[in-house]
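Chain lettering (A, B, C and D) follows the sequence in which the chains are written, and residue indices restart at 1 in each chain.
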């Protein structure tokens, strides 16, 4: 068992193949990404693939099928002459939110679809992989094709992160706290750096400015004027958050946004997600089981409201996404998705692609806050300083953290 | 495949071992009931055991475990010296509604418990079965013990019916309409009798009056005065219900109870559960797939509101449970649970047992209507003329039907 | 002020004119009922006529208009040649639940209709009263007409009771506990009788059996067989209920119906409606303000769940509506509507009238429990031993009470 | 009647006294603002003061009392020695959202408080006005005092706008469409300008930069870099929006934000708020009754989702709040609050005041979008180019409009 885990961990750490800007061929990259998704599912039992405990969580089986459907729908059906769909109903079952592609299973009903079964979904993956192998012959790949393939691979990497965080949510809401894999945890990391970084006022360039792949929401390189600020090189730790809790965090309305305070009261919130107070001691659920909260490790699984209240308590604030992007070259990041104080809105000159691909990002630009960086759940190399992640302010289940500014 | 199905069907039809009043030993009866539960699950895939699409449906895995927990909790822990529970958490996970036995998983969260897995639940069954084998040595069985065992077996039979109807709900809400088992259907039955039966006015005895097992809600044998009535020997068919639908059933408020009409509008109801109109033709989902509605077969899957509206349209009415019980010896029944126009309330002298067993029936005696008879989903021999089933008036997923009176 | 109150009280007590079976003319009866409705509203300010705090409460203004609309719609428009409606929109605004009469304001929106104003509604009353005066000339009154008029008068009396209990709900949910009228209270009454009454087993006649007015739900005089029982002549007092509360009433799941226990938990119920614990003492809101709970007075404002739990705790039970009707001639009643253990269902041979009038009772015969007797809020002479009132089991705002049986 | 209306209109148009930076004394300004609130209520009947049809609407009576409570709580109780509160319960009843000041009536229950009545609330106003007159003696007014008084006056002006828009919501949801005042309408205004304005790229100063009163959310004057843009001098008209509707606006998912599309489907949205299609023609409710939609008038009562979908359809976009502020000196504004494409977030160096006053703005800075300008419902002189209004993106009941940019 331990050997298998180590191997998974190694795969995880040394997983360079999805470096999509490297010299590896598209086919090699395709295989690498697709293999990694399945590696993440190795420790699962069939039962674990099925449930959808709340609307924003998708069943692992659905992630496996939906990422495959993306290649079938946007590549094989369009660019591979004579391609036969694996199953006529799969487009209906595994479309996520692309209205252009037709009707789909309601988002809340993903957990009820027991058939096709897990094995059939793996067959679907093999079937599509085999067809993709043909399509990905170097001589056939046009620029247009390459763009969609890279989008498909990045899409699958995003789902890898969701798959592992959704899975944690499923297992973490089982009262017997099952072990996904001994020794595997997303959250036990200490800060590598300390100290404060000073950034001068000035006009800075923001947005993607390189040759490789990026999402449309990073484009529109533009100038932003920033006032001088100081930013912490370290992220907030569990120990610091415990201080905040001891000081009455969840009972002090004056520290919270109005909607944050409503969230606290409606959910009777008392601690970050997955934390449990057992006879006076704080524990949290990790993918290797229930553990005592380690004060030196970096705080995880807090929502934007909690991040804001903590900053208020500390007399500091969260960085804007622009401040973060400008400073990011001078500190280590990648352990937590970091909440910024910026709403998710388009950059200047943003325009969405025509058709279904245009539904990828633009239509979600409302009522969400930007997160910057990457997390221990992010697929290796699937981030960059200009990457913009985004979630609704009440959600806690991603590997989120806090970096402070003053 | 066909052979396996036939065998299941045969088991089903000739399944006499659970005739709990017969001369077979308690151990034989125990084995028979327990085996039948697992036989019903034979066609399932692991995935099918997991989902809980709505609160009133339980996952098949939960039924398997909960019926086992009943024997562990109420028999082995109490009467088998030195018995060790299979797993300390199972009582928490698989208790249903017995508050006396402590906290339990919320009813709405049964579909999220992926672990223990299906295999582990079968191990749990084997472990308990093995301990029960010891307990069920004829010389050890006291009257008190026998009473609880018979309750446990009848309890498991009730769950067999729920298991198959819950499963139909799960598969029937999958847009690809999976086949549980070719040739296996609960609903394709025609009436065996026709004509009208006349019952004279008079004082009649109501309630269980025999030596065998019955539920506490059947006790309190008492006299009821009935006026003369005429009752149909046949149940309402699909064809008759189609007439009703053609005559505007779901658009005519004057036919419905006020809450029934609200139900129609809120759910945009247009037909019985599982019925689908495909290009002008009516189909329904059966456990062997989607089928065209057969007019001569007996109507199934209607709720109390629909039954009442149909009776109103027909200028007739539903029988009371007392009328039904008095007439039942003179017609064939057992194909559908038949809605009566009686609320589920206690008989005279009803008293609930002390402790958890007392929670079995009494506390549900509010806002439910009585159904009489049995259905094609009922375990063989698990009914009698005095049996009182009960459901909330809006529920359709049991194999319910309509018998009319005037 | 005090004089006015006394006069209102006197009117209330000596209010015999609505004795609809007496020799007074229909016109006299009409005037008496209509006057009494307005007398109840005397202490109101314009503001009090408007709100609808929850769906089951109607604004006083709505009661005034709706009872008037009944006469306009079912009498004047039908039987008075050349009658002109007061306003074309009023039928839409003040129809309650008669689907036959067309669309209507949603039940939840009654509190938003500020116009027509209170004064305009009183004008509407005068306009209709004046037209009714013409219609009610003795020589014009046919049997058919008389039947609808009597229904209209009884209908208005029912709304008088709802008006005063709805008003109590509105004022009782104002944190400053306004006084409706000094000295006016519905709940301060002690038992006039004590002791137990024994009723022998036997066949009894149930249902209305006289010459005067009754509702259709009382008809279908029929025989019911009752076993012998003993019934208390006194109703349960506040003092007895306080004992129950001290013994853990609202914390003991074993005393409650399952849905009752859910109600307790969802509402965090701790006492009857309008009771407030202020620094360790129990007070309740009355129409003359906040008062200390008087132990000797009869308990009021409990729902069916509370009544059942109390009976369970006492080791007794509630009477069926048949037991109550049989015994009622031998004890005093009329102080509280008394919860029975009977569901609201039709008597044998029940048939509803054609058209809108047929919607009066029949369509509500589901998920409600029968109450028998009358209460201090009931209009004088508006009850009889066969009268069947009915409410959903969770509702507390009527003047309900408990009589026990064993 | 007409004379009274004209006078109200005149008051409205020439209402300069609340120019809080002018030379009029604070007392004069106080009187002017207070008088104007009551002038707005002149056409009301008592009944109109009471209802709260949905959570985000407050009853007119509540506005009258709450704005008064502000002066009592933050000025008289603090700065006027020996001041006696008008009524001990009013702080509880009429506090809005200031947690620092203690418990308060739930926001959803404001419509149930019939007492204190309207007359009593006017007495409350007179009582406080009289005490304020003493406090506002020129020699007593410190800088600290002046700051709170100006906040109180601006606060009341904000509530004047809410009062009239809330009132429109109340009357506009009455199926008989009552007239507030003949000839009085908020929405019948045509554009005064046409054409496009070009703004060059560059660094611009944003935020309040003057001597008079402003809110804390306008402070933190800072530089923002803007790319060149072109902005329309005219606002979108009803006629243009009708074109959009004819082109399938509410049926085309591709034009909408994802949450906007959900809003459309859940609410079955088909047109702006208050629009009704009567036999094929579009009408809307105005404060002088139901009117035919006038194509040349400026569009009103659309939410952010509708504004975004319209811009998408037009191939243009909404301005950011910075673009708007920079361009505003070169076009006429003040007819509609204009939706911008900026989330409501703090400016650099934003800090909230200590105590209750600090709850005024900061805690609402989440999930809302900024509106700029002012509307026909805004009190005269109660706006400026740096003013930031904000609402949730689904709300339509303010006098909102669309200005486009490319």
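Note that in this section contacts are C-beta pairs under 8 Å (C-beta built on N, C-alpha and C of every residue); 3 or more make two chains touch, one makes a residue touch a chain.
None of these values were measured; they are calculated from a predicted model.
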item	value
Reaching chain C from chain A through chains that touch each other, fewest steps	2
Labels of chains that are neighbours to chain C and to chain D	none
Distance between chain centroids, defined by C-alpha means - chain A, chain D (Å)	39
Computed distance of Cα centres, chain B from chain A, in Å	45
Chain B and chain D, separation of their C-alpha mean positions in angstrom	59
Per-residue multi-chain contacts in chain B, two or more chains	none
Interchain pairs in contact, sorted by label	A-B, A-D, B-C, C-D
Touching residues on chain D, where the partner in the complex is chain C	45-51, 53, 61, 89, 92-93, 105, 109, 111-118, 170-171, 173-176, 178
Complex interface listing, chain C residues touching chain B	97, 99-100, 203, 222-225, 227, 253-254, 256-261, 304, 341-343, 345-346, 348-349, 358, 363-367, 393
